[in-house]
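Heads up, the thing below is written out as structure tokens.
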Amino acid sequence: MIKPDKRNWKARLHEIIYEADTPAGKLFDIILLIAILASIVLVMLESVKTIDSKYHDILNIGEWIITILFSVEYIARIVTVKKPIKYITSFYGVIDLLSTIPKYVSILFAGSHALVALRALRLLRIFRILKLARYLGASNNLVSALKASRAKIFVFLFAVLIMSIIFGTIMYMVEGEENGFTNIPKSVYWCIVTLTTVGFGDIAPQTPLGQLIATFIMILGYGIIAVPTGIVSAEYTHQSKPKPVSENDLVNLNTQACPSCSSEKHKDNAQFCYNCGHKLNHG
Amino acid sequence: MIKPDKRNWKARLHEIIYEADTPAGKLFDIILLIAILASIVLVMLESVKTIDSKYHDILNIGEWIITILFSVEYIARIVTVKKPIKYITSFYGVIDLLSTIPKYVSILFAGSHALVALRALRLLRIFRILKLARYLGASNNLVSALKASRAKIFVFLFAVLIMSIIFGTIMYMVEGEENGFTNIPKSVYWCIVTLTTVGFGDIAPQTPLGQLIATFIMILGYGIIAVPTGIVSAEYTHQSKPKPVSENDLVNLNTQACPSCSSEKHKDNAQFCYNCGHKLNHG
Amino acid sequence: MIKPDKRNWKARLHEIIYEADTPAGKLFDIILLIAILASIVLVMLESVKTIDSKYHDILNIGEWIITILFSVEYIARIVTVKKPIKYITSFYGVIDLLSTIPKYVSILFAGSHALVALRALRLLRIFRILKLARYLGASNNLVSALKASRAKIFVFLFAVLIMSIIFGTIMYMVEGEENGFTNIPKSVYWCIVTLTTVGFGDIAPQTPLGQLIATFIMILGYGIIAVPTGIVSAEYTHQSKPKPVSENDLVNLNTQACPSCSSEKHKDNAQFCYNCGHKLNHG
Amino acid sequence: MIKPDKRNWKARLHEIIYEADTPAGKLFDIILLIAILASIVLVMLESVKTIDSKYHDILNIGEWIITILFSVEYIARIVTVKKPIKYITSFYGVIDLLSTIPKYVSILFAGSHALVALRALRLLRIFRILKLARYLGASNNLVSALKASRAKIFVFLFAVLIMSIIFGTIMYMVEGEENGFTNIPKSVYWCIVTLTTVGFGDIAPQTPLGQLIATFIMILGYGIIAVPTGIVSAEYTHQSKPKPVSENDLVNLNTQACPSCSSEKHKDNAQFCYNCGHKLNHG
């Protein structure tokens, strides 16, 4: 590949932010990942009263540093993309904005209770990690196996729900309000807690008949836990079999994004964007 | 297919109610589904005291609307079928009747306690959803995999039961009444709670020896949870393999039901019912 | 097969008791099964104080009827077998004796506390059900799949145990006695309760660090629950594949037992016992 | 194989300690295993107050015997190996030292509280069992199946963690501090307890909305428990298929270790160490 001598700063910045083929692009991704993780840890620590009262100032400064960092990145993304509206209205654009503004809003409405919910908005940054998931080829097989068995798992979960409603109602009538089965929704909740083998124990049957029915529900749950596992397992066994690869499949995709329309997964030897026809930057 | 110009209202109604090939038939099914779900939500909400005391009148009116709707449907089904006795005595016929009458009975015996149980009868409508399950082809494989491994799962559950009785008796003798293991049935109940990894914690071993045996039971449960999963998984892996299809298998079944005997799964080109020989309606 | 006209009562009784090919033999097995199940139910009900104080006499009479029934069967088995010593010292012989004598002993030491343990001995009759399991061909595949993966499951459970000891000790040091982790064995017990996803909740980590470690243990447990399932599933998938059957395999085994040495699984056309050479009864 | 008549005691001791081909070597391994297990039991019993106060002297003597035994073994290992520094700095060398010294240190600082942690160090001996795991060929397949699916399981657990953080934050906002969801880390902890179907029940949702979300989390957990199982199961199914063996694979490895550099897995007919070229002892 030929490296052009002159390139404007926009194109270079675009390459760093949107692609991971160059050392600068990789470094950018790693810094971003660390910032996201630090941000999540900060939001969590702030919610712990004892820590927040002790280190409030340090947490606040840390959060401001990360907020400014994300603000700079957000502006840089808008500036370097040729169609900023498309980015701003995209899923990641909305996430980026929503997770950055809470800190600015907190100055305006300092001390108000709604800030707790606002603080949690910052956790949305976690979705940006998925953006970096382009390195994880391992998950492709997994996702397609889950997608293939989606319909079957849905049918199965629907059956579990119907069973829970029926058994929940029976338990409501057998155990009654005095044993914690206050109403049908609560009984259905207990039934799902039992069927999924979670078993909190906050509600537990007290009458012999209730315990007998509970036994039946548990053994049923034990029997049907096999079903979703069997589905995914079978699907995955078929998927992970080595497939014969034809010559046409041997195409290398790289991580660069079109500087105009942000579409990804270009072929390594592509000169123009397959989507909008814009000239691609070649590193 | 030739669409006949003149058809009496009975035949047309039959097609709407019992079949899903026409737009009217599909709309009927969707309305029915919504009515069933609304009915279930109503029964559940009625059982919650705080909601029932606040919105009692609204819930009551809603329930009357749905009850009248189901009553009309029930009568329509009887009228359009040629052999009404067969429908009335069928599983769905009984379900339809049982889930519709409670509201009428509630006028007669207003205020009595038995109404709680009557109210729950309305939840039987949930089974009618299964009737609409004809759209879900995805579940066919699932059901046949479960059917094929039925005998093995039964043997397995029987073994779990025997194990529970033996370990339950041992725990009853080790822990005794003072630690919650009041009698053998309760100990067996605890043992199943533990083996199925539900673990409510309402009863838990207190003595060191009891905890040692509990450890053994749990590790055993962990080991044998693999068995039903392995069975279904293996069965399903074999089932979901693409089978060679012979010419004879390529028969399309449609959703229409015989107007005389209600038998289903007719071949697309069938002119007469395979069961009673009655002429089929062709849309 | 030719039915001989004259056969002594011993041979006929042997056929009824030990074989299931004749109608009388099948009836005998069914009566035995009902007696065993009734016996188990009786022992369980006796342990429930409220039931025992109310229906003590009825339970007592029922237990005597069953005890006499089993006594008669035990004697009949000894009389009809040619080598009684072999039967008496066999696993089922010991079970049969141990589960029959408690009632007789209870007359001698009436009122003593040791009777509770004696009563439980009667539950040993449950193992006799396994004897009747010869009808269940479905379990053969299951048992052989479990046997084949025995070594791997053992290695796995051993690894779980080592992990539990290490994490249990860490939790003991982190949480300490004031949070319920009184000593290392109890911490190991808690660790197994958590790893196997049973989660009683009688002991739960209270400190943030303890909860962090618990989180790690749970996710680990979630990850490794896959291992035994994977083993059995894979083993079972291979086992349940249809195997090509050679001519030599097509041998029919029947349920009759040798009247001399009690060895089972004789070929249908066998004239003499493959074990001791004694002449077999042909029905 | 030719047995040389004259061999110095060092070489003979090396063979006993590091190899398991001779009867003496096997006996050494068995004694070592018993000593390790006895040591673990001792440490556990010491932590139980009632046992420690009663049998303190016996436990102390037992621990001294085992400590001296391990000390002798440690010195013997250093003496017989040609490159002692390499052994001392190796994983097992450090484990051997760390698990042996606590008892000697306990004389110097008798009565201090830090001894509890020191005592636990002795449990590190458990890792030495893994050293003896060379007999367990059964685990090879297992380990390689786990290794192959490592990346996928990591991706999966990462997804579970992200889900837990999101749902944990939602539950923190819905349930609030008054229902036990004191802060976000604690809510995330609860979420993992629920997703993994452990369900301690020390924290449980109290509000209807919280219970609804909990129901959703549980059904999700039920659905995704299938994923790691499916991965390992599929991997294992492929792995356990009989592979065609080429002539080159038919090499027998023995358990002897090089007397100079301790490298293992020598071929049966090897005369010199494949690693350092030192002459191997042939039994």
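Note that the chains are named A, B, C and D in the order they appear, and that numbering of residues resets to 1 at the start of each chain.
Please note the rule applied: contacts are C-beta pairs under 8 Å (C-beta built on N, C-alpha and C of every residue); 3 or more make two chains touch, one makes a residue touch a chain.
Predicted model only: the values in this text are computed from it and were never measured.
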| item | value |
| --- | --- |
| Turning angle required so that chain C lies on chain D, C-alpha fit (0 to 180°, nearest 5) | 90 |
| Higher-contact pair (C-beta pairs counted), A-D versus A-C | A-D |
| Copies chain B and chain A - interface residue numbers shared by over half, same or different | different |
| Between chain D and chain A, distance of the C-alpha-averaged centres to the nearest whole Å | 33 |
| Centre-of-Cα separation between chain C and chain A, whole angstrom | 47 |
| Two or more partner chains touched - positions in chain D | 48, 185, 188, 197-201, 208, 225, 229, 231, 233, 235, 237 |
| Touch list for chain D against partner chain C, complex | 40, 43-45, 47-49, 116-117, 120, 123, 126, 129-130, 136, 138-139, 141-142, 145-146, 153, 157, 160-161, 185-186, 188-189, 192-193, 195-202, 225, 228-229, 231-233, 235-237, 239-241 |
| Chain C partner contacts - residues on chain B that touch it in the complex | 151-152, 154-156, 162, 165-166, 169, 172-173, 182-185, 188, 194, 197-201, 204, 208, 211-212, 214-215, 218-219, 221-223, 225-227, 229-231, 233-235, 237-238 |
| Residue ranges of chain C touching chain A (in the complex, touch as defined) | 197-201, 208, 229, 233, 237 |
